[in-house]
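There's a structure below that I have some questions on.
Labels run A, B, C and D following the written order; every chain starts at residue 1.
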Amino acid sequence: MAGSSFGTIFRITTWGESHGKGIGVVIDGCPAGLPLTEADIQPFLDRRRPGQSRYTTLRAEADQAEILSGTFEGKTTGTPISILVRNTDQHSKDYSSIADIYRPGHADFGYDTKYGLRDYRGGGRSSGRETIGRVAGGAVAELLLRELGITLTAYTRQIGPVSIETFDEKEISRNRLYMPDPQAAEAASHYLDGLMAEQDSAGGVIECIVKGLPAGVGDPVFEKLDANLAKAMMSIGAVKGVEIGDGFAAAAACGSTNNDAFTIGADGRITKHTNHAGGILGGISDGSDLVIRCAVKPTPSIASLQQTVDREGQKQEIRIKGRHDPVIVPRAVVVTEAMAAITILDALLVGMGARLDNLQKIWCPKGH
Amino acid sequence: MAGSSFGTIFRITTWGESHGKGIGVVIDGCPAGLPLTEADIQPFLDRRRPGQSRYTTLRAEADQAEILSGTFEGKTTGTPISILVRNTDQHSKDYSSIADIYRPGHADFGYDTKYGLRDYRGGGRSSGRETIGRVAGGAVAELLLRELGITLTAYTRQIGPVSIETFDEKEISRNRLYMPDPQAAEAASHYLDGLMAEQDSAGGVIECIVKGLPAGVGDPVFEKLDANLAKAMMSIGAVKGVEIGDGFAAAAACGSTNNDAFTIGADGRITKHTNHAGGILGGISDGSDLVIRCAVKPTPSIASLQQTVDREGQKQEIRIKGRHDPVIVPRAVVVTEAMAAITILDALLVGMGARLDNLQKIWCPKGH
Amino acid sequence: MAGSSFGTIFRITTWGESHGKGIGVVIDGCPAGLPLTEADIQPFLDRRRPGQSRYTTLRAEADQAEILSGTFEGKTTGTPISILVRNTDQHSKDYSSIADIYRPGHADFGYDTKYGLRDYRGGGRSSGRETIGRVAGGAVAELLLRELGITLTAYTRQIGPVSIETFDEKEISRNRLYMPDPQAAEAASHYLDGLMAEQDSAGGVIECIVKGLPAGVGDPVFEKLDANLAKAMMSIGAVKGVEIGDGFAAAAACGSTNNDAFTIGADGRITKHTNHAGGILGGISDGSDLVIRCAVKPTPSIASLQQTVDREGQKQEIRIKGRHDPVIVPRAVVVTEAMAAITILDALLVGMGARLDNLQKIWCPKGH
Amino acid sequence: MAGSSFGTIFRITTWGESHGKGIGVVIDGCPAGLPLTEADIQPFLDRRRPGQSRYTTLRAEADQAEILSGTFEGKTTGTPISILVRNTDQHSKDYSSIADIYRPGHADFGYDTKYGLRDYRGGGRSSGRETIGRVAGGAVAELLLRELGITLTAYTRQIGPVSIETFDEKEISRNRLYMPDPQAAEAASHYLDGLMAEQDSAGGVIECIVKGLPAGVGDPVFEKLDANLAKAMMSIGAVKGVEIGDGFAAAAACGSTNNDAFTIGADGRITKHTNHAGGILGGISDGSDLVIRCAVKPTPSIASLQQTVDREGQKQEIRIKGRHDPVIVPRAVVVTEAMAAITILDALLVGMGARLDNLQKIWCPKGH
């Protein structure tokens, strides 16, 4: 199945394995006229790059993006943008011991069952390196959304049992855990240090806020904006849960408190007193901030001893060596932001013709 | 945007408004040879039918399904199965008062902004009646899955603050809340009685378990089985959160406890000691039970007074009259089951050609 | 496979068999605000209705369209438009003799091989009645295109060996063969009378002209406007060839004569001296008239004796009784027009966001 | 619009411009287990390579394919296969004179109108070099089809007015025009020499034959095998017409002669006496050879003087310099073969689940 593409009008197709020749993405359907160079994309890739702190793998790759097509004289042309990141620091020998053994918490068993064989080096296609293509695609989407006045901010909300209690946007980039609360970042660091000493790992929660999105984006029924966001988020490797707005907390609430009363804002526009809905009602944006939350499971690659089986169906024990993050949440922050940006831009594009008068604006600019 | 279809090979397209002439679904891509009559579908529709208890709307519609195409001599033919349910109990006059007012927690404002007009009668397309098409489509999917030894069980796990503590599958159909724990069902009933007295409403959590699904179902990257399940669930009107396996609880766990150790089962097959993953690793089924959970927000239609605005941007107050469930969770149980069944059947169909030898089994049955 | 849908943003899904309960279509993604009632659609269906002349089957069905959803107060709402036509004149007994025999030129053998069973009554899903759904969907598309100043005209260009030599648009609806040349229509009638006497049948060529389509519609590479038109046309039952502009004649031409020189029209816009290209260059409309041509094979149902085999692999002889058109070309004219309209409207919708400034026009109407 | 992808389960996404950094394709959904190296793909690319004869451009590029992902130990893994061909012989200066002028017969005007800007170097995305990605993707499809006993043969049937009169498969690769008739190849060469002297160009007709395709492939209604083949062929740059079997000739035939009588073959299987249908009935393969024909227009780039206009709407004259084939038909032969292979493999994959018993064969191999 062609499962490596995402989006209808703005569509990314990612490819590449952890220890193959490279990783990449083809971004198709990008509107023409967006200023775009490699220097615009690199900062996004740098946010997910390994080797940034003692909580991320030491794999020292620059992950340098090369734009192979789709731009001309510094602008997008509307044709597919192909972006290539060569793999440069591959230690294939590290992985030979797991060629026939199924790592707990990993996709090894599923791949072997489905395909009959797998590229076992570093997780192959199921490696976190696959997200490089998402981030490059998301960078283009996010740059385009900025031209429409729409901005995204993602950050770490929780690591293991440590949640943020304050929110200061400037703090996000000041600590390597991307937490907007310096105290929580400090506490989470201590927590991670303890886990590392025990050869264990942690999970966490990522939150993404979208500002400036107009009301009326998203489609009823199956192409609801939140449905596509849920798919986008759950398609990220370690994500096990997705919430919009109050999410699971809404399940325990009452209608009288969960409903957001409409009112008129200072700018004369319709707005809401509260935002329990997280900016989406009936699958369509309501003009409030989008609030998206993802649960990320603990890194499954841990060095402590685990029980498992091999391809022949024999019981085995395993310790996963190599370079592994004790928590992938900080590096996944930019990935969730990327997937949100791609989803939203695509929804804006597919929704342009929802009204006959919109068609007339584009195709009959001077009337007919 | 054509947002009323779901699925790639097995695809449903729903249509219809609450107070239009009817509601229906076209089920395309159903494999030929499945025994199917209206009597097979009706029990599924009856599970979501109104008027079943004092917690569901009194709208007394039989919601009788008519199969218009796609079967011959009692079997599916592989051609589209069109199913029609006529609307018979429409009280349009009940809704005239909300023609120009945006109900809090509803899609009214979004529809008006997006389309410039809306069918305001009973929520129009955003009505819960839209799910009739999903349930009919899900019935077909579920019947087909049974032929493959795959079964689904959905139930109410939580209503407001009341969660189940025991699980007895037989109890599910014994109480009108579809809870597998009779004590919890009792407590939830009391809770709902209290809310009804206050003209308020409740939300809850639905869980769906899938047994018998082989390992190797789902695709890597964007068409992960859990990604499509998340989209399927979040596309249901009032759902605000989706979890697979431990979901958000995994965010606070450690790798050493969250990883499920592989082992060899009594039948000699590879299995897992635990199932924190909820049956999916790396987007591909691992042979364990699928565990899917949805958060459902409280019914937004409440009779108590709410602040809102109208189409002209004037502040208004509103009391929502008419027939409304104080909790939609019990009726949504079968909807989540339907969406899970559709998603899984489609994943089975798109995954048939993952291996060259599978192609040979179907297209070169006697070798070549 | 879900093969009964066509289109990306504006998408039709047809369903129904010749002798099932009915035939229908779900039209999803239709922009909101288009005036639409059953009376607007019926004239299109009447153009393909049987019983119009001695060259069409006597099956006397009104083929009355009922709109079940998607409109409110006479306008489209942006939600799916479900249209139902009940089958009323089914003579199933006519077809029992062909239950186990494969009719030459028909899909019987393919269906049986693919699905293992088939609804043999009147061709089941492969019946020409399937096109009712296309025509209803095309009617909606064509009505919407008119609002954008785009008009379609389809007609019979050739029947058997008789081709038109003159073109008078008014003539098209004056003869039952829909030919714009009354002399050709006369000659074709004689030709058909002769064939009927011999229990034989004829094919022909249909041409469709689209006026008013702006330049810049269609996408490069695989979603070229002509590629989608070719698929649209070839998906019609008896069509065996499709041409754009000069088509196969271009294969024998020279570049110097086949190239259309650009020039400036009286209105100051860029136009072409000639239109060998048929209005499409590189997959994108060039502002000239679209010219699409389809080859339709002779009606395969003929009463003269034919050799064939049955399901058991035994040789058989067959005479196809029942009501069959000696030529289906005239009734297929409106079907090609419908498919062209659907394809073009979809291309207009998917192409709205080709430029960043178009996105800004729709989503940031007052700047940002 | 994301128009650079083709296929549902087996899907190719091409990218790249004539004078950008390279050209490539991502092949997603390829079944795992197919032996594949660069050496398997290169012969296909060599068939479309320039510089092969005096009738093809002198651009001397090796067009060497590099596989960047999707294979492991010499076999496909089921994950996306990314193939890169670097552009090495770019003479951008040749094209600066056409930056603001619309070449007749080219897509320049359409691109500018649609996107507001274009990469004018060598046609940019609309260059014939785009087909490199198709051919690489088609090579993989064709190699896989061979494993199923399905083979494709494409060749030049006509150049300008010169058609083949004999068919000897071995001749196809013996002359640089890929004609199976040496006399016709000789005559066509003379014809082309004459055109070159006059700075003119020719078109032609390509035919593709597919052998070994089982009956039952393709879907009814919109996903007919011939409908998808028509789209595939018409999406190739210069193609202006597509026929299946007798094609346009069928329009002038009678039912009694055009119908192919079924019979029992020497191997005991159902077959047909004749093959006017070209192997497809009702959109589904009938077990006979597929016969597909494409009309290719004359190369629009000619050195003789042409009238045109520029971006500012001023009339201009143009002579197109640079390296241009007087006929592209021979190099397009492998492109049509590639598109046919991709279309057929995809149809085989999407059709695997047409019957319940097929699902059981794959997912319940030992019964349930």
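Quick note on the criterion: a contact is a pair of C-beta atoms (placed from the backbone, for glycine too) under 8 Å apart; a residue touches a chain by one contact, two chains touch by 3 or more.
Fair warning: this is a prediction, and the values are worked out from it, not measured in the lab.
Trainee: With contacts counted as defined, which of the two, C-D or B-C, has more C-beta pairs across the interface?
Mentor: Of C-D and B-C, more C-beta pairs in contact link C-D.
Trainee: So, comparing C-alpha centroids, which chain is the farthest one from chain D?
Mentor: The chain lying farthest from chain D is B.
Trainee: For chain B and chain D, what's the span in angstrom between their mean Cα positions?
Mentor: That pair's centroid distance is 43 Å.
Trainee: Using the average of all C-alpha atoms in each chain as its centre, how far is it in Å between chain C and chain D?
Mentor: 26
Trainee: Quick one: report the Å distance separating chain B from chain C, using the average Cα coordinate of each chain.
Mentor: 37
Trainee: Considering chain C alone, which of its residues make contact with at least two other chains?
Mentor: 1-5, 8-9, 14, 29, 32-33, 78-79, 111, 114-116, 125, 214, 220, 350, 353-355, 357
Trainee: Applying the document's contact rule, which stretches of chain A touch chain D when the two form their complex?
Mentor: 1-5, 7-11, 13-17, 20-24, 26, 28-29, 32-33, 66-70, 72-73, 75, 77-82, 84, 111, 114-119, 124-125
Trainee: Which positions of chain B touch chain A when the two form their complex?
Mentor: Within the complex, chain B contacts chain A at residues 1-6, 8, 14, 102, 104-107, 109-111, 113-116, 125-126, 130, 158, 160-161, 195, 198, 200-205, 214-224, 226-235, 237, 240-256, 258-264, 268-270, 273, 277-278, 281-287, 295-302, 304, 306-309, 313, 315, 350-351, 353-355, 357.
Trainee: What residues on chain B touch chain D, complex-wise?
Mentor: Counting only chain B, the residues touching chain D are 8-9, 29, 31-34, 78-79, 144, 147-149, 212, 214, 220, 348-350, 352-364, 368.
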